[in-house]
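You will see chain A twice below: alongside chain B first, and alongside chain C after that.
Coming up: the complex of A and B.
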């Protein structure tokens, strides 16, 4: 991973905007930002971000590669789409935020212990095992994400909701035994593998 | 109404604002026959609704007055108010045009003594003041309106008010039997000078124009300054009538935005800069202005104007498009929220009053033209051969300041003159 990072640094030699355009989903749009600030002002999470979207776009143009890619900011996006609805230039800001997050993870630069990133990984691992999300296990792993005692506390706090879900058959305790999966698990895994190959080839192409 | 005489050497000018007046005068003073039609009861257009003109900060009425004097003095111009064009057919040099004239219910005998206005009771939103005040059902559209003649609102005709007005008139000027008239004329060329209208501010949902009393538009702000206007020339808050000494201006309200008008309206930066001077004029050192902007587009020689205002310690410039406005229920103050671009600071700033520098769009929507006309993406009339001898003047061609509108009007007049000269040449 860090080799890949090194490779990209050498390839783009400080032209971070170009790097983003080539490697980040919808990254081409970044240059269209006119720095009006409406996205940052309309983002409900905005006050809690280190760098709101408008600032990230400026930092990209200013070549602040490390600051952007190591930032936790784009991991804060909840995909509420407020910014997209409001941007006078029509930038797909939400998608760019997710694109940046994905790219930083691919490079191995994503902040360690960032909760959204951690949860995303848990979700992915859970889903890809059987092709179906195992809500019970996902819930539990989420509770214990920050350690055992923290997990017990959260589990107790959430106990009533959990029991309610069991009662209304929204969740079954049997899931703990492995749970249900999709019909063709083998085919599903083959599909993921293929998708991974295509993705790697694409990255390889823009990375070469 | 006496017979309207027109031939294919006549030039029809549609719209009696500064551009239409200019085009009509240029052509008439070159000896051409001109018919000038205006939809409302009087000439003047939106310039008559401005308090002062940038860049010189003189009073626009003075320029309009000179034009009116020239129009009155020129026998080649025939003015028809309350008139619209319903259809145009034919080709350059030979158009058949249908005009529809709505009844004024007041004839030439009117001395504008005002007795009818005093006699009637019904009141209506005053369109001249963008609905900021009320006018009577018998009214003079505005102080110094031309023709200087009263109008009856069609809504009072058939009511007791109309009879009261008629009874009050000592000059036999009120004629309740007037009806709509249709006239068909032949003209050689058409100059389209129907101007612009402010973008509907209510559509900019996060700014709450339709929810908060103290959020107004730039055109309404101009009306407030008029000594004959709805507040008697005072800058007052609509919510409680208090003096508004701390005023915020929001630039690009409805312009440069793919959700609204895509184009830059070009004059609103200058208009807001001009309007900040009204604060100092009225409140001296107590007047404070804050301009929220993306970038200031002060056109050419006007940059000095910007620098001077920037140097005024009472004026603040914040580089940021405001994201949303809320209202402080206790004070009635609008609170502006956003993030600035110089440092990315998050702000929530209360002000007494907010003025939206509202965008300009064509007054005639794309589907409403009386003939097929080539328009650009924003609905402004293009200079295109396919339009034949249909030429746009002023803000029907683009968002322009008066200086440029008048230049465009002169250009259109010259184009129209060439067409009718050709007709005259062919007919020997």
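Coming up: the complex of A and C.
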């Protein structure tokens, strides 16, 4: 993906706002931000953002490409939609943050070992395998996402929660054997593959 | 009232032995009492909730919900789509909106759907179960079925995020929606009027990836319920329910609190008030037992 990054740098030659408008989900809206800061003040994880949304929007306009795309900021979004509900200009901020996260990951610029970036990828891989989420495997892959010894520690820390879920039949060890899924996996996978192909073709020619 | 039928999208967490299977049990009980027929969308798939974006681009994510809607159009052409999970409802509704606003995206989505032999018209209503209860059944009718009023219970209505924003329930405000409080009163309990964490975020999926940051949010949600004198919390969202219920011991260990607050679904409350057994109301699915509800159900 680093070739892709190079390609985009050359294509947009410092016009990062245009790059975002062309390539980021709902990126067209960025220019509408009037810097009031309501989004930043409304975010439940506000204090943990390296750059809160309002700042991200200004940085995009100021051409701070690396600072934005390498930031852990967008990965702090909990999808609570507070910012969307309150934005006086009606910007779909939640979606723009998701879009920036997707784009930074595609370019290979997302921070390594960012836990939500990793978890979100695990979630996608998990659900696309059979068409439905396998909660047991998702939980286990989450515990072990930072290696084996870390995984054992996390699993031990989480054991009471797991036992509580087992006892109330809200989890089953049987899911390790396969678990729930769609019947038409073939059609499901073909559909996703086609969607990916169409999107990749579109990204390739955007803004040209 | 005549039977009402819907095309039902249950979602991953409601499946057998999954994290909100107890929600599904109580929803089934409640719907039977209210003569609501839920017809499961055949072979539905995951909507990718709000956390699919690291792996999936916009179009693949839209295709997921589009497939469910197309399957629903095929199987239940005259029925609204109804979801019980906040994230399922939101993802489906968002997809519908995005595809209605953008003919190119709809065409691309249909090209992808054709690979699965499907086509989307995108004309159905997508609704949350709460909307069905309020708009199609009504508080008055909901109240008529009450056999055992939940008298003496004080309950904090935790609406959370995704059943409330960005779409929300018609006629309700984003900052202080009242429908859950009205439901609490409909079943004869007392609502915590000034529950200030009513629409605060529990961390959502980040409870998994950022446990410490999320648990700090959850702590405030539970603390505020205690401050308001609540016996329990009620919520319409599976993620809210799980996050506010199962981490209480970890929060106690970290913050020195003594939380043991039951967190139930609106469908749990309605089932118990409708005179159903503890099992039918899925009270056996509580990690933190709702003992007061068990007592009422056992009477």
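Please note the rule applied: the second predicted complex is superposed on the first by the 206 of 208 C-alpha atoms of A that agree within 3 Å, B and C clash if a C-alpha of one lies under 4 Å from a C-alpha of the other, contacts with A are read in each partner's own complex, and residues count from 1 in each chain.
To be clear about the criterion, contacts are C-beta pairs under 8 Å (C-beta built on N, C-alpha and C of every residue); 3 or more make two chains touch, one makes a residue touch a chain.
Keep in mind that this is a model prediction, so the values were computed, not measured.
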item	value
Superposition on chain A - do chain B and chain C clash or fit	fit
Broader residue contact with chain A after superposition on the shared chain, chain B or chain C	C
Which superposed partner A:25 touches (first chain B, second chain C, both, neither)	second
Which of chain B and chain C A:171 touches, first, second, both or neither	second
Partner chain(s) touched by A:160 [first = chain B, second = chain C, both, neither]	second
Partner chain(s) touched by A:190 [first = chain B, second = chain C, both, neither]	second
Partner chain(s) touched by A:67 [first = chain B, second = chain C, both, neither]	neither
Touching partner for A:117 - first (chain B), second (chain C), both, neither	second
Angle, in degrees and to the nearest 10, that opens at chain A between the C-alpha centres of chain B and chain C	70
Where chain B and chain C come nearest after superposition, their Cα distance in Å	7
Overlap of the chain B and chain C footprints on chain A, listed as residue numbers	85-86
List of chain C residues in touch with chain A within their complex	12-13, 15-22, 43-46, 48-60, 62-64, 67, 108-109, 111-118, 161-162, 165-166, 174, 200-201, 203-206, 208-210, 213-214, 217, 246-247, 249-250, 284-287
Chain B-facing residues of chain A, complex	34-38, 40-42, 46-47, 51-52, 54-55, 58, 85-90
Chain A-facing residues of chain B, complex	206, 252, 256-259, 294, 320-324, 337-341, 344, 346
Chain A residues touching chain C - in the complex, by the definition given at the top	25, 44-45, 48, 76, 78-82, 84-86, 94, 98-99, 101-102, 105-106, 110, 115-121, 123-125, 127-128, 131-133, 135, 142, 160-161, 164-165, 167-172, 174-175, 180, 182-184, 187-188, 190-196, 198-199, 202
